[in-house]
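One chain, chain A, appears in both complexes that follow, with chain B as partner in the first and chain C in the second.
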Partner chain A sequence: MKIAVCLKRVPDTEMRFAVAPDGKSLDASGLKFDISDFDGYAVEVALRLNEQHGPGEVVAVALGPDALQETLRKALSMGVDRGVHLKADPVPFDGLSIAHALAAELKDQGFDLILFGRVATDTGNGTVGPMTAALLGLPCVTAISKLDLSGGQGTAQRELEGATETVTFPLPAVLTIDEGIARPRLPSLKGIMAAKKKPVESKSAALGTVQLTVDKLELPPERTGGRIVGEGPDAVPELVRLLHDEAKVL
Partner chain B sequence: MAYTGVDFYHMDGLLSEEERAVRDTVRAWVDEHLMPIIGECYIEGRFPKQIIPGLAELGVLGANLPEEYGCAGLNNVAYGLIMQELERGDSGIRSFASVQGALVMYPIYSMGSDEQKQHWLPRLAQGKEIGCFGLTEPDFGSNPSGMITTAKETKDGWVLNGVKMWITNGSQATVAIIWAKTGAVDDPKSIRGFIVPTATKGYTAKDQKGKLSLRASDTSEIHLEDVRLPKDAILPKSGGIKSPLSCLTQARYGISWGAIGAAMACYDEALQYARQRIMFGKPIGATQIQQVRLADMLAEITKAQLLCHQLGRLKDAGTMTPQQVSLAKRNNVSMACDIAREARRLLGANGILAEYHSMRHMANLESVYTYEGTHDMHSLILGQEVTGHAAF
Partner chain C sequence: MADCFAFAEFRAGAPRKVAFETVSAARKAADATGGGTVTALCIGGAGIAARAGELGRYGADRVLVVEHPDLARYSPEVFAATAAARLKTGACRAGFFSASAEGRDLAPRVAAALNVGLASDVTSFEVTPEALIARHPVYVGKAIATLRLTGTPALVSLRPGAVTAVEQARSAQVESARPALDPAAAQVKVTDLVQRAATRMDLGEAPVVVSGGRGLKAAENFKLVEDLAAAFGNAAVGATRAVTDDGWRPSSDQIGQTGRLVSPALYVAVGISGAIQHLAGMRTAKVIVAINRDKDAPIFKLADYGIVGDLFEVVPRLTEAIKRIRSEQ
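Up next, the complex of A and B:
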């Protein structure tokens, strides 16, 4: 099997964030970057499929600045065979523009599966996977939590609110991966050393027209402290009044 | 908040991509596999054996030895970072890895025959064999040349007799590197190393009970009573006290890094607590006394990081001296002891609970202060280096 995994380099969500002076982007100084969480699950799915279905190839494809090479290298250290770096700095916010670049890279390469994370942990749009599928004219199943392949056919499960949906699809296909399907492995130390010798091809990203731009980025307002309105049953009428008139939640 | 280490001087910029990746992968492994269980293991006084296959799979055991023996072939800075991350979890777990890599695999690698290397190193790297290092004796700690364990040559091999003490991994080891005199007891030149499978008749190990430190580590006393070994059990390139001391230089190098890990764990815990704990209507971190504590910790950790970084680069260049290692071990373990104690105090009453980590580190580091060359012995090694006079 030949599988492509599309990765995004995102800031580590455990860090403290600040808005850059332009008021539209994150201040990157002091931030650590890593593979987006759901994309990590996609890498794990690709590696397991490759292990189960005999020798094949897993290719990681990512779009972004030169620093992205470290992110690709992490995927290689987990066991991905080679990387493709589509150069773009800055990365546009417009998912369709990115999807054009990915589709141009992925078309006619004979991939049986093209995997994405369900959603990127920074922008949270979840659009690039389905848009790439549309541009390639391939079926797309989103947010899958279980996957089986046999006889050129795939079966995927999607967790819905209070229900599970089972979907069948032909190969090749585009899938976006939800958490819970397979916990991403840690790269082994030997894997990290081996990754140094694996190929990463770097080329310009053929981005589509950028139609969406970010106007403003704001952090949520600081939370203010609570207020004690009284104690015991006597305080209940005042509490109800405040919840009704001030907080407007009743 | 997840643990992110301490990097006040942007030391990450001095590390290569691989070195950072190695550090991050071991840090994630410690978060996932060690942190949830270490408190309980410590209280119960038990080494968590279940982590050995995971450590081996990760490639931690003998990580700076060559790939041809199934090791990861990392440089010494990456190796140091592994020790740092393991000791962020617990000194006992770092001790396990130090002994396996620096005190068992290293002497086989540097003093063993090709057959010994081919046979033992891959098994030790995979964690299929667990090793221990028998040098210290009940009456010979800082003065290992005085050892009284003997190896008498017979027509078909060797017979070992003696007692070794304070042996990390001693009870769970399947193989021991035992140092013994092949000549007279007053002849330190006759010290040689032996590879001793612990199932050999006459070899017994018993746990040392009552430890108030390194409780999640296996520490044992080893008795050797007419232990008969074949001729090829000897490490052919070993000879004299410098042989075991060369192993200790490797282990002390790792300890210098490990102590930074323990110190960073305590600083991180103290800083988070200082931000959250409200007393007199404000976080204790807003008081001058705790800020001084935290500033002292940050300064010492940053200095120790710079020390180890350069030491690692010297080791990779092949120019590191044992005295330089003494300086780093002495400085870093001492500063880690101080930081652990100050962190414990900053945590107030909570600081005595196993739920927090600082007191466990504080107690562990007292052993680290004393083992692998006591703090005082390293002072004397440095004193001898600069004055030319041995005071021991």
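Up next, the complex of A and C:
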């Protein structure tokens, strides 16, 4: 099988964030970057599918600044065969603009599957996968937690609020991957060495028109929290009174 | 004066709470521009028309009902084609979807079909003459972005619970409509939908969420959390990732960066220390209560009200107190 995995380079969300002087972006100094959480799951799914269904090719495609090379190398060290770097700096916030660039790159390449993470942990949009599918005219299933392929046909499961959906689709298709499906492997030393020799192609990204921009980025207002009502079960009556009289949520 | 659109989600033949939220949002957007027509679209199996009129109470002027025996379950391609076709007709200023599991799948497809921008998982918005301005939590809730959507229609998906559904004296004209794509021609088919424990409220819809963490010490102790949720009567039960990873609760109960993002009116954190991963999923709750043994636990910095103490003593007492209050209401 020929599988593309679309990756995003995102800041590690465990870090302390500050807003840059422009008031619209993150102060990148001191931040660590990595493959977005769910995209890591997508890489794992792609690698396992090729292990199960015989030799094929897994291509990692990512859009972003030059520093992205490091992110692509990580995917290569996990076992991805080659990388494609679509150059864009900065990366637009608008998922549709990104989807246009990815669709332009991915079309007519003969991919059986194009995988994405369910949502990127930076923008929290979760739109690029299904948008790319729509632009390519390919069937798409989002946020899948289980996948089975046989005879050119796929079956996937998605978690809804209080329910599980089973979905069938033909290949080629675009899938976005939820967590729980396959925990990403760690790169082995051998993998890291091999990754150094694997090809990464760089080209400029054919971004679509931007219709969604960031006016302002702020840290959330500090909650006025931190109020300890009391200690132990004896504090319960006061808590209930506050919830009823002050917060008015009872 | 601008017309607005809302996609009103139905499940099992009935409108979901998020349907009233998207319709209310469209009403608000239309009124902000001097009052235009709000058109709501609902798609489902035979019989949904009987419930479609309810959308009028939340601000719809017109409800388009697409009933089809093959559309009782979600069909991404048919729903997207039908919504896009409706948004194309008439000068629609803005279209609202829910950032529910269905809406998160649907809205991007519609945006791509129309080649317009989409602001996702929005917690509040305003319509100005030039743009739609929306707020959206980014970096797993550690920052808030104010977004500008140019282009028409401006599409928005709303975080469930973040926009309040407002009832008003209005009644909608209900019209029947046809799907823009033959359901038989769809490539992606939902072949099965299995409801989990139907008696429990869904995390995204419940006004109260009671969540448990490692502090509960064992899976069976989740009964304390469930009893408290039952005492509220309008609560859902959530869990931290540590707990779902350990298999104490199903992964669908996980609240956090990699799980559900919830905004209930009241969030009660039981035995939860407050890891960033968890806070990302619940920090937009209106009121947060924390019960934890460790007074230095990060959850207390976020919580509006905290009790430091042994949850095995505090929670049963709280459950009794809530039961008493509820019995008086």
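Operating definition for what follows: the second predicted complex is superposed on the first by the 224 of 250 C-alpha atoms of A that agree within 3 Å, B and C clash if a C-alpha of one lies under 4 Å from a C-alpha of the other, contacts with A are read in each partner's own complex, and residues count from 1 in each chain.
Note that a contact is a pair of C-beta atoms (placed from the backbone, for glycine too) under 8 Å apart; a residue touches a chain by one contact, two chains touch by 3 or more.
Just so you know, these numbers come straight off a predicted model, no measurement behind them.
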{"item": "First, second, both or neither for A:Ser77, with chain B first and chain C second", "value": "first"}
{"item": "Partner chain(s) touched by A:Glu231 [first = chain B, second = chain C, both, neither]", "value": "second"}
{"item": "First, second, both or neither for A:Asp108, with chain B first and chain C second", "value": "neither"}
{"item": "Which superposed partner A:Met193 touches (first chain B, second chain C, both, neither)", "value": "first"}
{"item": "Per-residue touch tally on chain A - higher for chain B or for chain C", "value": "C"}
{"item": "A:Asp245 touches, of chain B and chain C: first, second, both or neither?", "value": "neither"}
{"item": "Which of chain B and chain C A:Glu14 touches, first, second, both or neither", "value": "both"}
{"item": "Partner chain in contact with A:Leu135 - chain B first, chain C second, else both or neither", "value": "second"}
{"item": "Residues of chain A at both interfaces, chain B in one complex, chain C in the other", "value": "14"}
{"item": "Touching residues (chain side chain C, partner chain A) in the complex", "value": "11, 73-74, 76-77, 80, 100-102, 104-105, 107-109, 111-113, 115-121, 133, 136-151, 160, 187-198, 200, 202-205, 208, 251-252, 257-258, 265-266, 276, 280, 283, 286-289, 295, 300-310, 313-314, 316-318, 321-322, 325"}
{"item": "Footprint of chain A on chain B - complex, ascending", "value": "1-2, 4, 17-18, 21-22, 25-26, 28-29, 32, 57-60, 63, 67, 72-74, 78, 82"}
{"item": "Chain A residues within the chain C interface of the complex", "value": "11, 13-14, 17, 19, 26, 37-38, 93-96, 99, 121-135, 139-143, 145, 155, 158-170, 179-180, 208, 210-220, 223-233, 235-237, 239-240, 242-244, 247, 249-250"}
{"item": "Residues of chain A defined as touching chain B within the complex", "value": "14-15, 32, 70, 73-74, 77, 186-190, 192-193, 195-196"}
